[in-house]
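Before anything else, here is the set of structures, which you'll find just below.
The two complexes that follow have chain A in common; it is paired with chain B in the first and with chain C in the second.
For the complex of A and B:
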């Protein structure tokens, strides 16, 4: 079929992009992939000659916010390229084909590019009730995922859904929404966030296209480039935190001064993402800059780690309002009560024992004094005897 | 006349200097860690009007917490070492009631001192079996606290020790949960200290073996065999 796969440059040219636009795209790709500017020649060379890699983009249990974020990349040319120029052979929300044709397009793309295509997965996979909660073309999402993963050169989990289950995996997780790395054996590049930042998404795709290998990942499978630092540690409000200046309520003076939102439940201190560096909407702003705390949307189980507006989370099984401090204070109060009861009981139960010991001590004191007296008497006698002699 | 018991005590060197040092360093670390930990969990509004460039108090609180944590950890490791080379009261096997004798002591202490079903018992020389077991549990929670604490700062640290505990984060389901458990276990230390101090006083009052001062001097006292006196 499509054996003569054109390179990125060839397909861009066919779509009417100029050489200048192509070079600009290469420059953006260099920056996005974190290369030195001297890497430009290498990128241009690769994009001129290498066949464009086919992309299969699957959608399961999700809200399409990842796709929405992606197409709003601040470098539209990058997403344009990915959508227009890359061989996006299958994506439910954007493909032209429908019905059997769509399924055929996917099967063909996978068959013809076995071991070469990039698999992007948006959404979690419900495995409950044999997967009936999300079926496409008569197949469960688990089946589709496993088939697609088999011949994939690289697999990217778009967003928190595919990376950690997101909201639909929150307790009690009725559909048994499962992140994809739990269902397939291959390494998965996790790009969590609800949604992930557009620039982060394009950079990761660019990296995979450019180097044909997965970027360096942290212990949880997230690209280190974007997820190795906490939102908190790169936040512009961090100096207020170190200085101990906090917003105490949403409309106080501290909030107007832009103090740290730590006490308002900001989840920045335990959220790994690039929000405070890369920001959103073409580097315009990010939640904390807009005056709202981070909700930790890129962290596994963030929905259950709430409430959003409280620093300490509630503990499951102890009621919505109960934090570690509620539990701890109760435990300490119970212990203090126990101590008081025990002390009172001891005074009653052990009194005799203590009195006995006092009697023993008195007896030993008496014995000691007797001996002392006896010794003194003896000594006196001896001395007297001595004088007599 | 009736027979009167005469108190005769044998002086025993129970807690060696390293054990006592461990104990008090641990106390100081725990006070520092709890105080700074509570502040980190719930920072107080102290210098509201100041500009951030003029102060760093919350950073200092966190620094104190981390520094105390390192001392706490090495002190803990030292105690494990002393549990291998120390005297018989310091040995690690003292902490687990695995022999029949220890188990019997465990139940006796429970009956006599905690539930007070019985009034008297023979006194243990070092820790009693129940106390030893409580310290064993405390040691496990110390380790949990060390692991969660270092795990919380592992991702931002290139140092060797925090990196040892990276695995805690996915195990507990993310940083938020590590923080939760770290905070909750702090309450164990508070409850432990409360009960521990009370019981030291209780034992000293009931038994008169100088258990309070023993952690300063190392000496404890016991009645070797009762000397009776006929008047």
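For the complex of A and C:
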């Protein structure tokens, strides 16, 4: 049956594209995915031969901002993705059918493509009270997730809800909202963010399709392609930080000149995401560029790491300076010492930065696990207490 | 008699289940159930009130920004600060941007497939589609070749055997009435709107850094203006806003409105179906002279009872006798008994799931059957949303609102009573999109005028530091989300959130029955609806979609200890 399904090349041909245009399209896809041109042959092959891969997109405890973000993608545009690239066989946000017919579309997609479909999950899964805090078609979200995970070839956790529980898992996590990797024993590609950037979402799907393998992940399960750099390290306002020039109050003269927002609580120094490079909504801007600090929405437990307007006390990443508050004077001294000294300091700093980034990633993961364990312990204690009453 | 269960209701935000009984081809009773809960109010306790906008914004990613706006207003009201005019203008611009985006996406991507038969478009004559398109609009993408290409693309898609989001749709259902050429037009514009919608939201990105979920700020807006620096909002960014506004007006006037009118013309029978409740509630929004002056709002505040447009009642969110929430059919319990309604300030909650253990086939609707509470205004069930806004504006004599409403009634050649229906609700959404697209330009022009006059201020500083706040204070933030009346109540103690409450549009519309057994808007609107085929609930989702359901924010947990909240005094 699969042989009858047109490949992307066949679809493009039917739409009147020439072979030359098709190859150009593949080249753009290669460039968009940040690959070497030697990968072109592989891409052409992938697009030429395959029917559209079946995709099941589940919705649990969510606000649907991930779906909304997804449809904002400018490259590729979403209609090309859902009509020409993928076969989006189930998504409550867009599909025509409701009720029984919707569930049947999902079940058919899973049954007919056992072991071959991509599972995209938006939202966390509440495990409290046997799962009655999120039910679809009379089933709990946990039941639905486990059934769907069974035959999935790849599983993507869209956004912070599915990746780390996000807002409903914030203290005191009333419904025991749980990220999906804790409930299924398969690898999960985490794409955190509230929401994730549109083009990051489409690029990750494209990556899986083109290369038939999941992108390389960091120790937390996030694709390195988009989550290996701190917002702070790639921020266009970074030179102001290095020079010790900070916004001290909203809409002050410094704000009107776009100085660093660190003192206004910016969490960019602790946040791994592509915002300051890939940017938002067709590479237009990102929170810091529009004057507000990063709230760290792609980091596990970020809701409990606030308040948002309290600046970070100190953070690793600067070998020479102990805290960012002293960076201004240090940087000024370096400048006075001349370009050579500054360059040498930069090299040392960069080397230390890399080492410390690794250490920090490990530390932040440990911290998150610890916090979660403590929360779980507390919850168990409360439940025990409740039973005694 | 048959019992039909529709779960999940798709093409909405959140998780909604409808159970209906059908007798003699018509719905005789209906039950609406919200099946997901997260617990926002519990999570907000003890946090910095200045952070609340970011938390509550995550109540909904479809109507993103609206909760952030209600939240900053609630906090500003509590701590006693008003924002600079530039900040209010930018908030209004973001508000209108949200309406235009949200309503267009609703019409084309969440609602259109209830009216447009995609499969029928396959056999349309592209030349005839082109003729129709040119007769209703001067939108340039209207050549026969253009529609032929769309049709070829659709054919390739369907012939692939992989129907994706169109799989198992109700294609060929007798309730689809459009000529196949109009169906092809609908498919073409579905795709165009999908590509266009990502543009208009860039206004949020410019002022708020991203969309969905742009940033807000208590006391103003986070961005600054500077006409001498590239590192702030400067002429180039303002030019982009102007272009996006112009494009939005063009799209709304040349695509959305002509399509809406053309499609509505074939479904006039739906002007007599789905009317439901006869009461409408509006908090009002878009201040032209400050949030504290509701009389200056573009969308006026008020309530209408029994469809009597000659009288508009005042609405006071702070009066404890006006708004109450019931839980007789909701999975919660009250210390005062489940039959008493409580004002949100005195709200209390404890989860009390008494439904069937999943997996289950049917809810126990005679008991509790939803995670939504049931709000009432003076004990009346109220419909909220675009129709309510236009009716209250119409009844209050807003010239701008009267103009678009009367114009549409004339075009469709229907009386004003036609508004009280599924079709009326869907039309009202389009008409207020026209208005908000126009208002975008008005607010933008005023912003430019302010900057020209040397007023660059975007933030009021004096109440930023919590040390400047009283030990205890409280406030209310009223707004109009695209889906209807939205309010946040906050109580602050020792600079932390003591209590936070949200009563949102879909709670008004989608809630279960109240203690007196009175139905809310969804349930009432389904009564008498004809259903041609029990297996294909097209008519049910048509009416439900006319409300634009948005369930994630409709479900909350109130004060877990059941403490009484104190009344707050606001202006």
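Definition applied: the second predicted complex is superposed on the first by the 275 of 389 C-alpha atoms of A that agree within 3 Å, B and C clash if a C-alpha of one lies under 4 Å from a C-alpha of the other, contacts with A are read in each partner's own complex, and residues count from 1 in each chain.
In this text, contacts are C-beta pairs under 8 Å (C-beta built on N, C-alpha and C of every residue); 3 or more make two chains touch, one makes a residue touch a chain.
What you see is a predicted model, and the numbers here were worked out from it, not measured in a lab.
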Message: I'd like to know which partner A:183 touches here: chain B for first, chain C for second, both or neither.
response: neither
- prompt: So, A:217: does it touch chain B (first), chain C (second), both, or neither?
  reply: neither
- prompt: When the two structures are overlaid on chain A, which partner does A:301 contact: first (chain B), second (chain C), both, or neither?
  reply: first
Message: Touch test for A:68: chain B only (first), chain C only (second), both, or neither?
response: second
Query: By residue count, is chain A touched more by chain B or by chain C?
result: C
- prompt: Does chain B (first) or chain C (second) touch A:277, or do both, or does neither?
  reply: neither
Query: Tell me, which parts of chain A touch chain B in their complex?
result: 218-220, 228-230, 233, 239-246, 248, 254, 262-263, 267, 269-272, 296, 299-302, 305, 311-313, 315, 323-325, 327-329, 331-332, 335-336, 338-339, 342-343, 345-346, 349-350, 352-354, 356-357, 359-361, 363-364, 367
Chain C residues within the chain A interface of the complex: 5-15, 35-40, 42-43, 47-48, 50-51, 54-55, 58-62, 64, 105, 109, 113, 118, 149, 152-153, 156-157, 159-170, 191, 194-195, 197-198, 201-202, 204-215, 217, 219-226, 229-232, 331, 351, 353, 355-361, 371, 456-459, 461, 464, 535-537, 541, 552-553, 557, 560
Message: Per the contact definition, I'd like the list of chain A residues that touch chain C in the complex.
response: 1, 4-6, 11, 14-16, 51-52, 54, 59-69, 71-74, 77-79, 82-84, 86-89, 91-105, 108, 126, 129-140, 143, 166-168, 170-175, 177, 194-195, 198, 237, 249-251, 255-258, 275, 280-282, 284-292, 295, 297, 303, 306-310
- request: State the interface residues of chain B toward chain A in the complex, per the touch definition above.
  value: 4-8, 41-43, 45-48, 50-59, 61, 114, 116, 119-120, 152, 155-156, 166-167, 169-170, 173-180, 183-184, 186-187, 190-191, 194-195, 198, 202, 205-206, 208, 229
